[in-house]
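You will see subunit A twice below: alongside subunit B first, and alongside subunit C after that.
Moving on to the complex of A and B:
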């Protein structure tokens, strides 16, 4: 499938949503809605987040960079934040905002091992974020971030209020032990509506896993 | 494989989404009331939410239900003195041992629960330091729903029993003074 490898690599190094926004923006710049439609037809069924982002662009309701305000509010008091799954559109601005509030705050990311990526390249990008940088954390060391001032944050790629599509690393981490080792378990609902395509690359979990579901669409829609 | 059909949003606010199948009913559990119970000991709202979640939303149902019953009843005891955080010991979260070294001293404060164990009360049971340390270890050992229930229970007892203890001591003093 032409373009699939390229998208998978970009998604692995930037995140599904961040990569989808990038590809859709480039397609629009190159050929408007026609090119977005071609992109959706070619890669949508293999990459459901790209399908959703392209669909929203075609409906003239583009997915914008998520508002970080409600997430930063929900993280108030946290000194250690671990993102499960990378979304640079989310991780980088939140890390900068936290660093401005709590200079000693530590931010880490667990990558989605399903997607191809060059770890050295990802690490170099993340280490350049803010003064303290963002560290890559191996899946087996996630409890390094635990504590009563700690939070786990993961992107939700669509939910119907019951099931939520998340990075598969979340279901490896999430369990009765982790639930009581972190103060907050935040789901950042980046797409709002459920995915139309089968959630390939992602895992489904219960929306009730989270201590808080936060809307990523805009400040006005804040918390759901 | 075709995509899943979307669920319809449930209109009944009492509907428990993805409810675990529990061996006993815990419908009586009142997390808001428990937040009020722990408020004097845990000032930060986010910390209270974490604590209450560990007490009545995690672990086996019979523990969650028992925690709710015992703590809400103990909260009805008379309030004879204010909580004193300086008279409490930190309660560790029991993280995996290999991570204690990795995290270093800087993280010690965060690797504890946001409520301390009021150890002064244990002096009523023993004058021996070692025994009191053993008592504290027993109270803070185990999964979070046990440990935190123990700590909140002791905090509520500590708040209630103080004057009684002083009264008892006074009574003993009086009795001694009255002895020929």
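Moving on to the complex of A and C:
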């Protein structure tokens, strides 16, 4: 079974949920529920999102690729969208959909600096998305994206309606000033239920930070 | 005969090996002192010594640097590495062999540093996912560096020693390729067979179908959007093929190799647009060019004293048949390169080799020299062209073994691989001397 180092790198370059889905899907294809159980036992306590995704797969309720429709609808009219924390299963389809609707739209990503990654490789992958590509934005330059047609979007890894587990870059950006500089602050709830394990690698924030919480599970459950 | 220029050359070579970060000012200062001494003694003016610098070699080096940079921008080697890794599976034992073959092929066309920069990141992802140990990583990286050196020596455009032979007019393109390619390939096969059958770097690693499947999926996912850039790749490939054809089939008296590169590379740079302009900026490394210029000046100053001719005469005076004299020369070249690295050794030894060509066919001498320099480059991590770069990349990757111990790749971690590689390549060089040197 790949070690914690191996998962951390993939999570740093794909995002916690995208990496967890990849590991769980491949483990299931190679060894069924037994392999998912081994993966959960080996890495679940260190990576709570992987633990949740593996748990759902074992309960025959697998976490699927998030539906982007509600997010694209919520971003209607935005010309600058900044994702705080990378989730390639979310960022890349949204960037492609936005580019099709608003060709001049600019999409950027702030990486989670707690996780290891090869920045050149991440940048090369993101720059190849759509016609305009997705740019990597340093944490200190997030205000470049501010404006009345701008939105901040971050993934939420489970919430009880009051607290939300988010990538740690969010708590470094979010503040009273950020709230007034962006039209929308979207929280994209990718897991639904709160995490079972201690939210290692993540930070907890108040669900009231966001102007809108969007469910990632399906179109039917889209707006919470 | 003044010994001051020779002392300055040896002193500069030792000092730059001991203080690699200060190598440029050390060698430039030594060159300036050697020119001053030659002028004061009335042996040669600064104009004469600088005029004798092989500018054709420097033109070739810069031009091929631009080609390397364009291939880097086209992402072709990165893509090939990903495809081969994904197709070949994530078996740690196979990884060593696949890595070596990819590096050998890449280094024959682009310089070793570019080849390492392109292929090593993909390999590091594989190693991290599939799991590695200190022993496995040391051998895997070591084998890759040796394959890089062999690939660089396989073609006349792969690495500095071969480029020097081509640029200095010592050998024609085809003559070098037809002799060096099979010899380096034989050395690679021998070396890989030894590693795979005797050393077995992956023997202490355990992997599972789940790990292998996840690893292949991860490699694909981390390079999911990376595609070959046709606007850069197509003109670069056409340009390189055209230059290879010109080097191979147009007589050098009509179109010397450096002029082929001089004409071809600007055309390719213009055809590739912005990427071409960026490549020109990145490839012209003033530090490397200044270092080589100063080395050539130093060697030129020593040559003015007649010392290299005297050394060659001493070698020819050894009470040995010519092929045995060539073996002595090849062995000395290998060891000197191991200590002083390829650039300085090759620049000085090429002049001595010129003396040996009076007794042995020139092509045999020069190919033996190129192989021995390749053997020496593979002996120590500090002598391998891409060694320090690979060392830095491993340090930054912060890999750990299954027991959580950090894995490093330093001088002594490479030494075993280096000794085996030196024996194999130098052995092939000596066999070449004995078979062809008669």
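Definition applied: the second predicted complex is superposed on the first by the 222 of 224 C-alpha atoms of A that agree within 3 Å, B and C clash if a C-alpha of one lies under 4 Å from a C-alpha of the other, contacts with A are read in each partner's own complex, and residues count from 1 in each chain.
We take it that a residue touches a chain if its C-beta (ideal position, glycine included) is under 8 Å from a C-beta of that chain, and two chains touch if they have at least 3 such contacts.
Bear in mind that the values here come from a model prediction, so they are computed numbers and not experimental data.
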Taking the superposition as given, does A:143 touch the first partner, subunit B, the second, subunit C, both, or neither? first
Could you tell me if A:5 is touching subunit B, subunit C, both of them or neither one (first, second, both, neither)? second
In the overlaid three-chain picture, which partner chain does A:33 touch, first (subunit B) or second (subunit C), both, or neither? neither
Both partners, subunit B and subunit C, contact subunit A at residues none
Can you list the residues on subunit A that touch subunit C in the complex? 1-3, 5-6, 9-10, 13-14, 18, 22-23, 25-27, 29-31, 35, 38-39, 88, 92, 116, 118, 120-121, 124-126, 128-129
Subunit B partner, complex, touching residues on subunit A are 76-77, 79-80, 141, 143-144, 146-150, 160-163, 176, 179-181, 183-184, 194-199, 206-208, 211
Touching residues (chain side subunit C, partner subunit A) in the complex: 75, 121, 125, 128-131, 208-211, 213-215, 217-218, 221-227, 398-400, 402
In the complex with subunit A, residue positions of subunit B that touch it: 1-4, 6-7, 9-10, 17-18, 44, 46-47, 49-50, 53-54, 58-59, 93, 95-96, 99, 102-103, 107, 110-114, 143-145
